[in-house]
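Across the two complexes that follow, subunit A remains constant while its partner is subunit B and subsequently subunit C.
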Partner chain A sequence: MKKKLFRNPGQWMLMVALTFFFVVIMILPLGSLFSKAFLNSTGDFVGLANYAKYFTTPALSVSVGNTIDISLWTAVLSTILGFAFAYALRRSRLRCKTFLKYMALLPIFMPTVVHGLALVYLFGNQGLVTGLGWDIGLYGRTGIILSEIVYTFPQAFLMFDIALGFADGRLYEAADSMGCGPAKGFFRITLPEVKYTLISSLFVCFTLAFTDFGAPKVLGGSFNVLATDIYKQVAGQFNMNMGAVIGTLLLIPAVLNFAVDRITSKKTDGTVSARAIPLRIKKSRGRDAALGVVCWFIVGFFGLMVAVLVMGAFVKYYPYDMGFTLQNFVFNQSTGGFASFLNSLSMSFFSALFGTVFVFVYAYLIEKGRGMGPLKKAGRVLSALPIALPGMVIGLAFIFFFNAKNNPLNFVYGTIGILVLANMLHFYAVPFVTASGALRKLDGEYENVSESMKVPWYKTFFKVSVPLSLPAILEMFMFYFVNSMVTVSAVVFLYSANFKVASIAITHMEESGDFAQAAAMSLLILAVNVGVRAVYELAVRRLKKPKRKEAKESEL
Partner chain B sequence: MKRRLLTLVLTGMMTLGALFLASCASGAAVPAESSAQEPAGKASAASEAPAQAEPGDNGPDAASGEITVYTALEDEQVTAYLEEFNKTYPDIKVNVVRESTGIITAKLLAEKDNPQADVVWGTAASSMMVLDDQGMLEPYAPQGVDRILPQFKSDKETPTWVGIDAWETAIVVNTEEAAKLGLPEITSYEDLLKPEFKGHIVMSNPNSSGTGFLTVSAILQLNGKDTPEQGWDFLSKLDENVSQYVHSGSKPAKMAAAGETAVGISFGYAGLSQKAKGAPVEVIFPSEGSGWDLEANALMKKDGIKDASKTFLDWAISDDAMNLYKENYPIITTGGDGTYEGYDGDPLDQLIDNDFSWAASNREEILNTWMEKFDAKSEPAS
Partner chain C sequence: MSFLQIEQVNKRFEKQAALKNINLTVEKGELVCILGPSGCGKTTLLRIIAGLEMPEEGKVVINGRDCTALPPRERNFGVVFQSYALFPNMTVEQNILFGLSGQKNKNKEEKRFRVTEVLRMVDLLDHRKKYPSQLSGGQQQRTALARAIAPGPEYLLLDEPLSALDAKVRVKLRAEICRIQRTLGITTIMVTHDQEEALTMADKIVVMNNAVVEQTGTPHEIYNRPGSPFVAGFIGTMNFYERGNALLGVRPENVTVGRDLFREDDTHWIGTVMGLEFRGSQTRVYGRLRGGLEICADIPSGEADGLGVRSGEKCCFHIPEEHFVRYPA
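Coming up: the complex of A and B.
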């Protein structure tokens, strides 16, 4: 037992250090917040009294059911739409696929509060669509679900896009020659191929909707969910204890996540053998037409959202004074003005840099480390948690922990450092899935061979694992960067007077009714994110070219 | 089995180790740390030159240095006010954190053990009372505090907080939408109960918005503090007409301005500023009187209170400052001269005789009753 544990002391020490780091930035802050769930307002220990009060107050506990309700709808609908969209791009002969793909990603380049704004412009009581006589009753449950779908759809789509990208044409040809129709092929080959992605997608969408605050705040009306309840308790009644109680309830999906991870961790979709041949997509008018309608409907919808934003940014006073103006791009000094935009850039860059390095190395040690079974399990437990942490919980927990006078880490409080740490934690989940997915696809023989040849593990890591996972690494970097650009909920408690960020500025503008300025700032963020994405695509394309050559060579 | 045990032990050890790290530092070295935290030396060079002859009793660093101010004032106001402040005190650098009342108060409370702010500026008096209850405010009487009317500052001997202006309940009506819907004219709270308004009123949720609370509190007070059932009866009737309760005080005004609702129950400035931007809204102050709250200033209790903080607080109730506040919030705490744009007559008369201590001591009960009666209607009218 002991021998196995210390099979590789270097790895072991690194693993211990990273686990320790994770505990410091997550478990300890959460502990300092959640311990308040068992105290009363004067700080005395009251056991489970707060929970008892919560569950005997119907006005509060109704939120648990509401939150599960909207999250389930979001998970199911986003997953279906994400699958359909990815299927259309990967398995049909639709035109303009590249265009469709980028349009589908638009929502992740904007803060969620902006989705809400755009939906108000479209479906609100004065909305363009409502004006045409179709009132969907935006405020409340419908609005939240709609906005959460917009928010989670790109995630679902990206997951299926990767999963459906791997296909072995031989399977379909064999099915064809045995007389299977396309429907049977779909249910017997395609769906089983992506079943784990299906589970992950349902789960990711569920959790994102479960913890999101932006959509319910803008569109929720009187429909209470857990995330708005925390806000009411903390920022309305200043009741940190009840806020902490609700915070712990929001961790429910984390438990689920761990269960899902247990199921999927050993298995992946689409392990494609070296002898696979690319899939030839057959002609099918009916299929293409049906998928085309779905895709263009979604894309049209997103396009409309951006169009509304552009209009909002350049119009004097929607809908009553439609004159053109550039005035909205002159930002107030107190929101940090243009400097906040630059701050956002640097914060997002560092979050992406450190976040990607941390997540990738940690995922590598968990997936490919030698021995260290217990530490790996601890790593999996820790990794399952962040997805269920709402930003507000992270923000408050960080204040309680890092601002404590006796904390030796106190010096990061009020600096860009704490924002970077918060973002690293807040957006940990998706990059971790990306990283471990990519690493699992790499053949375990690399490590076995290098170990038996006594090549140090870090050489294999830098010479084999990193280069082969480079697209995934860039994808992780992108994810961190884009999300750090648009995040509000955690950062709102942590930014300091000297370091303001653009997404906060947008929230302020939205709050004070400056829709136009908010739209203008959102356009800037959108432009940067799209720019970064473009650079990323170019980089990947350049990476792929030589790699294809290598792949061919290795086939020979 | 053994492995699982080891997992547990290892995770536990790591947590303990980190806890130990955090707690062992707590035992010692506290005083040294706190004083070293802000390099006070930074300011001293400038202050050796004789301080400008301004309110001189604040100490040697009164006219220079760097302070952190938390505020809930509107962004555009903060910008304008600070510009003016720095004309008088060019050597004081003011770093501002601006958030909505709820967030800024929550942040202040969360930072209680190690306050980052030096000064709280323009933040609700109801929040100040919470901070004061927690012992977080340092009593300080800024220069000229005598000019502030007694009902507008804390009742302590040396005030812990001082009001600068008041904001009050107002009904914001989108005239175009109201005409389209054929809604009757509104002059009072009572008018809002008419059946024509069903589904056309948006109000802020008192559990998440200070404006919501002051309105609810005012309606209860107007119906008699000793007969709460009358007030609740009124609110129940109002509830039948309300389409949604939102989580911000200015949002009902904003939604009315954008035509998202015909009527929003909000506060004066929120409606008037939308009107100034070109929105087709009328701002109505109910004839029964408006509920109100103050924007107030306070000094944070912490180690090493800076002289410049006091200078800022002195300036923040000076006539210069009051004249600026008045442009946005006509009701300033030194009293006014009677006439204001957008208001008929003296806005001070519009305010109800607000019993702050009654509101504060009954706050939790009011909020809980309200929540049970109206917040549980989880399914909105759609």
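Coming up: the complex of A and C.
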């Protein structure tokens, strides 16, 4: 009873409201999904009968093996390439590192269907490379693996880039002084330093490939994977219960990944002592040449992918009439038209706006709220879950939940609102980590000092916490925006005929053979995303600048 | 009635007791130092007084009002934390104004006037347009103090306010804080682990150890008649001897050193000089008595030079009976 007096009523009410909101958009829909998996089409409980049927239908269950197969290859290859790339940027004397870094991130600015599209332009039946006489047999397994590598490589690279960013030069100097060669140093110091990142990277890449819809949709041909099966079951055959069964299967690696993440995040790599000295990278022509070849090959390949999209977008009729045209930017109404691009912009803007506000306020209450122990604990558990939710599972769960006739929230179904909610949930995990990390860096006594002076908490929030976290807030906004622009999996079940978004439009353009328009639309998305990222980089640089100036003045 | 009364306060973290049966009274206008080694519970006690922690048992009565369950905003105090917690995105002036924004009864003019007033008090008027990162450590500390006193709180809490500063600045600021505290006549509770700080600043010292209050008293009482061997050892240095059932303690500065080797009784002990430590005005003589007991004596350096004692030589350590402090064993 005493404790009740002790907390802040305003904060408590807000915390309860946000927790309730979170439960409504995550727990209840997942509940509907799971219950559907155990019901038949008329709504009777059938236990595991749906699963039994799934695994005894060879046409369906073959996809499980296929999906594991492509995901394993993707995980291993992406991790190796991501490590090599990050190693080159952090531990070699290569030139143009900034350029290489931004080029390596190019794939995250495009939907996965666009990766597939670019690969079609290169290796497809009428592809540039195929035309030169080298047919890699793109459609099916090869193409999916290649496309998933393009998709997951930036994630692997970013993880290793952080892990390899910390290095204690003393270790390498000590190894040197004991006569260890560079190879031994690499295997005995560098690799052990990143072992948890290695594990995380394998799991993350595996999960991303396992649950991706875009690449297999474009390149799969007759090679079925779970993500395309789920789509066929739900959108093609309206077999919701089988869709739910496959949805729960899609969750398995994500849940495993979640468990691994819980374990490895406690044992992070690169915890370097405060006395560490920065590593001095030695000259080594052989190493730099080898890594240079790998890096420039990857970056060249990404460059080539963008180049063929540009080509596809601006030529009249590839490969027959290579004349320049802007006609491809006049989009057919049937596949979504220019409106779908505008829809994507507004959906991404609102996802970023509401997502950032929701995540930041929730993270603030969890990190800085007064009292509220059990609610904070619940908040942390809820916040940890979205990382394990594939977009397709969210999409499916949302259909089941929001489309239910007796649901008072039924009105959001078929509107931009449900797309925004799906994105807010789908991309929650990374911004939450960003927000709580930024807030934890702030002095814990700010709130206490303010409260002692009777300043209301929201005033401290707006005047102190928000301004000091502005770089993190911009980062969250940017992350939400870019990801909402490119997402296919979460929205493929949720868009409506009168509110189609660009990534879906691209999928439909490809289906109907309008590759040129698909390329044109892809360029628009890419341009917007690169633009948003550039604005973000400039803004953050600007925010960080005056501090340096102050530091100089105080030295005088 | 005392200004602040803490009655039978208990607090645990996990399974560790942070505070055990704490009783404490603070009179109006006093400067009380809570002194103790790290982890003794002194900061927890301060946070309970501030309302940032809840005691499991016990009562906190401030100005006649039971505040045990009141949140900080209803307690009317000012606080300076070890980190100062200055808002880095605001100038000195804005920091203080922000603190005044909780005051509904003052208009803008009055607030501005108050800012100037407190800035003059801490001598920072010229620096009011600067950001915290442009200030020296001492200036930051004074800004935090100005911000804490600006709303005119009933009492002031200082959590290790000087520990982040260099020795010179610290000594200067001690006097500064005392001056401001006396001018305002504001009841102040300060937590510190620095015994010199406590001795020089406090009207009353509360020595804590292992979650309990070891002794409460004026600096003189604490130093001259330390209530327990812990207090004696924590504040200054103390030689200990067992005699019968009692433990005797004596301060090194109360031991004199002589060349007279023929007198040996209860207060004159013969021993060997084991080492000398020159400390400026004083010299500490480390010795070993005939029975193996260790002793140390602080004598004026001039006297040490006059005696010409060297390591390895025998000499007489004289301890006047009245300087012994007795503890029941």
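Methods note: the second predicted complex is superposed on the first by the 387 of 556 C-alpha atoms of A that agree within 3 Å, B and C clash if a C-alpha of one lies under 4 Å from a C-alpha of the other, contacts with A are read in each partner's own complex, and residues count from 1 in each chain.
Note that a contact is a pair of C-beta atoms (placed from the backbone, for glycine too) under 8 Å apart; a residue touches a chain by one contact, two chains touch by 3 or more.
Please read these numbers as outputs of a predicted model, since none were measured by experiment.
Peer 1: Touching A:174, do we find subunit B (first), subunit C (second), both, or neither?
Peer 2: A:174 contacts neither subunit B nor subunit C.
Peer 1: After the superposition on A, what does A:52 contact: first (subunit B), second (subunit C), both or neither?
Peer 2: Neither partner.
Peer 1: If you stack the two complexes on chain A, which partner ends up touching A:234: first (subunit B), second (subunit C), both, or neither?
Peer 2: In the superposition, A:234 touches subunit B alone.
Peer 1: Just to be sure I read the superposition right, which of the two partners does A:259 touch: subunit B = first, subunit C = second, or both, or neither?
Peer 2: Neither subunit B nor subunit C is touched by A:259.
Peer 1: In the overlaid three-chain picture, which partner chain does A:374 touch, first (subunit B) or second (subunit C), both, or neither?
Peer 2: first
Peer 1: In this superposition, which partner touches a larger number of subunit A residues, subunit B or subunit C?
Peer 2: The larger set of subunit A residues in touch belongs to B.
Peer 1: Which of the two partners, first being subunit B and second being subunit C, lies in contact with A:137: first, second, both, or neither?
Peer 2: first
Peer 1: Between subunit B (first) and subunit C (second), which, if any, makes contact with A:538: first, second, both or neither?
Peer 2: neither
Peer 1: Using the superposition on chain A described above, determine whether A:316 touches subunit B (first), subunit C (second), both, or neither.
Peer 2: The first partner, subunit B, only.
Peer 1: Jot down the residues of subunit A that show up as touching in both complexes, subunit B in one and subunit C in the other.
Peer 2: Residues common to the subunit A contacts of subunit C and of subunit B do not exist here, since the sets are disjoint.
Peer 1: For a test of understanding, state which residues of subunit B touch subunit A in their complex under the given definition.
Peer 2: Of all residues in subunit B, those touching subunit A are 2-4, 6-7, 9-11, 14-15, 17-19, 21-23, 25-27, 30, 33-34, 68-69, 74-76, 78-79, 82, 95-100, 102-103, 105-107, 109-111, 113-114, 116, 127, 130, 176, 205-209, 243-248, 250-251, 253-254, 257-261, 270, 273-274, 277-280, 364, 367-368, 371-372, 375-382.
Peer 1: Please output the residues of subunit A touching subunit C within their complex, sorted ascending.
Peer 2: For this pair, the touching residues of subunit A are 2-3, 5-8, 370, 443, 445-446, 448-456, 459, 463-464, 467-468, 547, 550-551, 553-554.
Peer 1: Please output the residues of subunit A touching subunit B within their complex, sorted ascending.
Peer 2: Per the stated touch rule, the residues are 1, 16, 19-20, 23-24, 27-28, 57-60, 62-63, 66, 120, 124-126, 137-142, 217, 220-224, 228, 231-232, 234-238, 240, 316-321, 332-335, 373-375, 377-378, 381, 396, 399-400, 403-408, 410, 413-414, 492-493, 495-498, 508-509, 511-513, 515.
Peer 1: For a test of understanding, state which residues of subunit C touch subunit A in their complex under the given definition.
Peer 2: 50-52, 54, 68-73, 75, 77-79, 81, 83, 85, 87-90, 98-103, 131, 133-136, 147-148, 151, 153, 157
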